[in-house]
Structures are given as structure tokens and as C-alpha cells.
Amino acid sequence: MKSPDSGAAQRPRHAAHPHGAAVLKRLNRISGQVRGVTGMVEEGRYCVDILTQIAAIQSALDAVAMQLLEHHTHGCVQSAIRSGHGDQAIGELMEVVKRFAR
Amino acid sequence: MKSPDSGAAQRPRHAAHPHGAAVLKRLNRISGQVRGVTGMVEEGRYCVDILTQIAAIQSALDAVAMQLLEHHTHGCVQSAIRSGHGDQAIGELMEVVKRFAR
Amino acid sequence: MKSPDSGAAQRPRHAAHPHGAAVLKRLNRISGQVRGVTGMVEEGRYCVDILTQIAAIQSALDAVAMQLLEHHTHGCVQSAIRSGHGDQAIGELMEVVKRFAR
Amino acid sequence: MKSPDSGAAQRPRHAAHPHGAAVLKRLNRISGQVRGVTGMVEEGRYCVDILTQIAAIQSALDAVAMQLLEHHTHGCVQSAIRSGHGDQAIGELMEVVKRFAR
């Protein structure tokens, strides 16, 4: 884990993500789901049931990613455009959208 | 999580998944990645960096799902077909494939 | 496109796909949708509306792919397993499933 | 071509899409690929080969969608933000991004 004064200082940083509590709650649930799948594999549970759980984790990750993406676009991207750095912020946004596109 | 002697006895079960060790290793790494993302949100790290990490978790889950799917098809589905229960096993397989299709 | 008497003779071939009529109907509808999108671009229509139509084509292609995949698994893969060539047919099936997984 | 008095007048419209020629070229190629798949089904070609072609069409559609999305974000979304209608344009953008996310 990086300490708050570590080297990534040139990256934008938020004192706290406005939606941080909701995002952390979702991530904690996802952590529990991953532990659940680990237990299913250890117990030798049926593959199809394990796969169904993995698909549920993917959906939960998609939802948290879309929440963060929406927050980022309304916040950072909009500010960047207003202060004249729009093209760079949009280029970066498109790179990350492509990671989540099929 | 269900205890090993719980009621899901009618579901096929493996004493141990042949690829269990490899799958568990991948799942442990994924658990660590989810904890890493939680830390990034707590520290207020840049959204784009968090999203990039979430996309990496998605790819890791896809890989583990494809490994399980391949194992399941070579094992359970092939046995079911040989013993004349192919259509049911294939129906179930297709349901789970659809969950991972776009 | 290959002519019917071309060299791909070593590939399995069906006199007619059992679900051929349904698949062809879906493909004709998809062709129409692609022409529709071409028209929208020529007319300078709003990008978001064009993107919504492209997403609809993707869904239609997913549906036709899942229909063909299901048909292939019940037919060719099941026959191959019964005649002892299961592992090869399953390997090939998994390759194609991965193309449709995210 | 729609007549000038048609109903969609309230939607933004471009005299010509700046990337229109490139997009149309890609769409024409996609039309040809869909016709190719239709021919393969009619000829009773091997399912796996047909599925591989459908996956190629999906990739081509993804690429054209990402090109349009990028163009839309640099253009319409950026203009909307500069003229104070950012939140609405971003909401609409996120809706369309979600359609292409897994």
C-alpha cells in the first residue's frame, strides 16, 4: 500500500472520493464473493455453480466500474474540459472505456 | 458457505478439482487485487488508475472462468454424453457460457 | 466466399443447417440493421443514436452466435464425443467460446 | 435521406460526420462480412467457421463504435460542457458506454 506522501504525487488525487463509502461497501461485498468462490473450489463444489458465482462477481465489478467511470467523467473530465485540457482527459477516458468494452 | 455435509448432495461434487491448486492460486491473487483496489479507493487514488486495476481483475476472473469451463466440459459434460445424459449437460453448459458471453 | 466445390472438403459440412431458416432470417435482419446504420452516418444523424443501433446489432449477433453454438454442441460435439474424438471437438469448442467471452 | 421537415429535428445533427468516410468504409466492409456469413449458412459450412466469422464482425463493430464514441466525446460532449450543459451530455454518454460494457 502506498503511503500518502509516496511518489505518485503527479497523479490527480482526491481527499476522499465523494462516492467512496458506497464504492467501498460494494468492494467489501466483492471480496466476500471471491472468498466464497475460493471455499467452493476447496470443497470440490460443482463447476457450474462456481462459474455462476464468478459471473456474479463480474457483474458486481462492472457495476462498481460504471459508478467510478460516471463519477470520474462528471468530475475530473468535466473540470479538465472547462480549464482547457479536455482533449487529454478525453483521450485517457476513452482508453479506460475501451478496457471495459467487449 | 455450505458445510460439506449440507443439502446440495444431489449436485455433482468432486473430492478435489484436478486443477484445484492452480485455480486457488489464481483466486488468491484476485483476492489480493480486490484488497488493492479497496486501498486505492480509501487513499483517494486517481479514478483512472482504479478503473485500470478493476479491468485487470476482470481479465483474471475471465481466465479462471475459462479454465474451469474447459475442465468442466472435458470432464462432466463428456461423461454425461457418454452415459446418455448429454442434452441436459449441454443445456446447462450453454446457460453458463451465455453468462460469460458479452 | 468459397465456391461449393472448393478445397475445404476436409471440414465437416451439413447438407443444410437444421436451424438454417431461423438463422438466415436473423442474418437478413442484421444485414438490414447494418444498412440502416450506414444510412444514419450518411445523413449525419446523432452519434448516440448511431451507437445505440450498433449496440442492437451486437445483441442480434450475440443471439445468432449462441443459437449456432448450442446447435453445434448438441450436434457435432456430442457426436464427436460418442465416437471417441471428444477432446479435439471440445478444444475447438472452447476456442470459439473464448472469442465470445468478454 | 430524411426530408428536412421530418420528425427527428430536435436531435443534434451533423452536416457530415468528420470521420464519416472512414466509418462508411468500415460499415461497407461489415455489410460484406454479414453477407459472407449468410452464404456460409446457406452452403452448410462448418459451425465453428461461421462462429469465427461472426466474432470477427463483432470486433469490427466494436472498433467502429469506439471510433464514433471518441469522436462524439471530443465533439458534442466537450461542446456541451463548455456551454454549461455538461451533466446532461455526460449522462447520455454513460448510458451509451454501458451498452458496450460487458
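Residue numbering begins at 1 within each chain, and the chains themselves are lettered A, B, C and D in the order written.
In this section, a residue touches a chain if its C-beta (ideal position, glycine included) is under 8 Å from a C-beta of that chain, and two chains touch if they have at least 3 such contacts.
Note that the structure is predicted; figures quoted are calculated from it, not measured.
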item: Copies chain C and chain B - interface residue numbers shared by over half, same or different; value: same
item: Chain at maximum distance from chain C, centres defined as averaged CA atoms; value: A
item: Intercentroid distance (Cα basis), chain B paired with chain A, Å; value: 19
item: Gap in Å, rounded to a whole number, between the CA centres of chain D and chain A; value: 26
item: Whole-Å separation of chain centres (CA-atom averages), chain B against chain D; value: 32
item: Touching two or more other chains - residues of chain A; value: 58, 62, 65, 69, 93, 100, 102
item: Chain C residues within the chain D interface of the complex; value: 1-2, 4, 8, 11-17, 20, 23-24, 27-28, 30-31, 34-35, 37-38, 41-52, 54-55, 57-58, 61-62, 64-65, 68-69, 71-72, 75-76, 92-93, 95-96, 99-100, 102
item: Touching residues (chain side chain B, partner chain C) in the complex; value: 58, 62, 65-66, 69-70, 73-74, 77-78, 81-82, 86-87, 90, 93-94, 97-98, 100-102
